[in-house]
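Labels for the chains are A, B, C and D, by order of writing; each one numbers its residues from 1.
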């Protein structure tokens, strides 16, 4: 950890080529001019994070996760974007404001689950996918027990505003049918079982944040990319709601004084 | 334009359904649980902005534009995201910071061209796609002349750091081969011709911002969505560069004192 | 307007001195170690923007404007900051989110008035303070007439949520008693008179945004600094409301589904 | 921690009064119209966070801390704000971008020290100011030892770009001369002594982040306010540098391709 100036940079993500004979951008070694038109956005997103192109099955799972994550109605990030529209900000500020709103209690829980699972399983084996069922069950038990001890919830389970998350099982199902479902997905299910046992059978279903986390990890991606599979697709929602609010020509979205309690 | 409280909202984008019998999110009238796994992210993005699903050809053009816009090396937005990583911010703050960096001089030029073209052609006809070539040529002449009078450049043409933009012609070519190319694309070409005539034949090629603008307009989308076709894909780059910079464990990206000139 | 690298910088604001014999930061030529403890924050803010230290009277006016601008209850920027607290973001993200919310329709109107006044009066004279009353009255008439023609409101007048702005007349009164009141303040009053005449005598009082604009201009500051006299003090409110919301341990501030109208 | 709607709010910070007979904003029970013109910004900032007005001595210490924190040349936050200016963003976006840049490795270290000290001393006594010297020395020893065990640095000590921080000792001196210096300041000194002992006498001086932390805690403020004593004053710097960069009419601040290393 040394302080760095703005002159020294190293990247393996992309190289900008600009010579007398060639104008190109090499992304993970691939010519962007060749990728353009031949791969999908889902392929490209995977290439950026994994360094290699995904299989057709992996790409279908990514598309499913992205599509499921694009829109959730007037939820906090789109609410923020719409408020900004009513204040007269730019669309990029509104999207930035919505993205920033993904904190530790809203939008960030998938990352927390991914980090937790990643640390637990890589501690057991360099090849987490080889960890046997019974070992996963022990981990699930530990995860639930530790949360209980700390008086915390396991991140990625349960959902406000819905009886259950309608998107989560769908994405999980696609990961299974496409064959990308692995130990992380299985660990997610085992944690769900443990939570149900604790509650005398009452199920606390994995939500989309949780499913996104296990799907991303089973695709072999870094746990730190989890949040991007929410931020990138949901930015579309922030933009769409910003434009719709502009069309409604509202202004100054605010809390009326009589909604506020002033304790003495 | 009336001040609005936080209680009154209207949206045609999505409806959250949560009843005893159903948990669903209806996006532009489609069940999200059915869209998930059956359409691509490009389809979904078009659905969000256009209100209807795109044709296969339209979806291919959107994918091409998105893929071409994902990465541009250590360019301003990824530079900002990497600096933030070195300062120890969250990934969502880094992406927000990169998104906010898309101002009027960097990243916003496509929107300016889209707005300008949209206003000029809708003023001529409610069905811009029906405007004849000769009329478009007059508009191109006016656009270039007006810019010259104001001493401004026409937004969306020319590019720093490259002799020419390697991505722009590729995307434009796909719009043509897929058949989505229309009057806006043609107007873009005519403006390019006008600019070349002015410069005694020296070409100032349309850049990716410009091509993105005309492609989006020819897809029938609102000019205000233009910026989203940069913000959403480029967010992936911001996230990838943030993670790479974290892995390099840099800290405190800064300008050394001896790079700064203090005029007396 | 040339593209710039990150190596070439010029500033007259501050110089960082770090030698074997001296460690100092020179702000506008003054030693920060000597300013610290000898001047107030209001003095420092003026020094940063004006390049010189203010008179006692000017400092008192700045303090009055800053104090009046710190807090406005649970208004949009503090509402945003509190929402962020409920989402589990950092305090700096919450303040950034509140600052970004100051758009063209909320928080930005003072800047618009300052720009408009500055452009009109500098077009008349290099020394605006020398412009005579009758000329100012003509300008006021033009400003109101132009707004009417465009079907717009003159920015900085009228206020939502209050019958009138309780802070504006107080700050204006202090500018007068301290003797910093000048042509910009007078122009503000004349515009108010014009607006009243138009409305058959019904007064549309200058609000704090408007008063802040004229006070800042009469202090000899650049119109672009206007927004800072709102952003900087109000950031305190964003931080205070963020902390209070954290203490209330709320989560996921959102719009309940039944507050949303879904048009068919 | 219950999900909250946008209708239910409680605040003790400020109450907006708007009746037929009165227009007022009550801040911590004080009429804003009376505070305006009678107190300084430093008084107001303390009132917002502490709930009561400061003594003259406390206000002088706050002014000293604020003044010392306003400007640090073209440092990361002002560098970011200047880049944004070159990209053509708004001044509020530039300030927001600079504020967000205060992460865990840059700008956030004072908060970390304040949290750490606050937790350690409140664990010992409900009245930390009553904790005797020898007990503080034990805490200092523990803090340094724990950091060593974790292979971390104690936050708030040492500084990049300077041999020592020229601002820190000045602010600490003022806290002593004004009599607000207390156990937190003393603990800061004892930690500095411990660090020096470890390094065979080589001093690692407390920096401004560290001094800000102890000064704020000795003023009786919540550790979470620490960051605000950097964010609020430094926002002035971000605004000033944004305007100066605009005047220089730069565009597209970027990293030239030949500064980037592409590992094979």
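To be clear about the criterion, a residue touches a chain if its C-beta (ideal position, glycine included) is under 8 Å from a C-beta of that chain, and two chains touch if they have at least 3 such contacts.
Predicted model only: the values in this text are computed from it and were never measured.
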Handout entry: Those chains which touch subunit B and also touch subunit A
Key = C, D
Practice task
Please give the intersection of the contact partners of subunit A with those of subunit D.
Solution key: B, C
Handout entry: Contact-richer chain pair (by C-beta pairs counted) among B-C and A-C
Key = A-C
Practice task
Please report how many Å separate the Cα centroid of subunit C from that of subunit D, as a whole number.
Solution key: 23
Handout entry: Distance from the mean Cα position of subunit C to that of subunit A, given in whole angstrom
Key = 38
Exercise for the section: Averaging only over C-alpha atoms, locate the centres of subunit B and subunit C and give their separation in whole Å. Expected result: 32
Fill in the blank from the handout: Residue ranges of subunit A touching at least 2 other chains are 1, 3, 6-7, 9-12, 15-16, 18, 73-74, 79, 83, 86, 90, 92-93, 96-97, 100, 102-103, 105, 107-108, 160-161, 251-257, 259-260
Fill in the blank from the handout: subunit D contacts subunit C in the complex at 1-6, 9-16, 18, 20, 23-25, 27, 32-33, 35-37, 39-45, 48-49, 60, 63-64, 66-68, 70-74, 82-83, 86, 91-93, 95-97, 99-100, 102-103, 107-108, 161-167, 170-171, 173-174, 222, 224-225, 227-228, 231-233, 235-237, 239-241, 243-244, 246, 248-256, 259
Problem - Interfacial residue positions of subunit D with respect to subunit A in the complex - result: 1, 3, 6-12, 15-16, 18, 79, 90, 92-93, 96, 100, 105, 160-161, 255, 257, 259-263
Practice task
Using the touch definition up top, name the residues of subunit B that touch subunit D in the complex.
Solution key: 6-7, 73-76, 79-80, 83-84, 86-90, 93, 96-97, 100-108, 160-161, 251-255, 257, 260
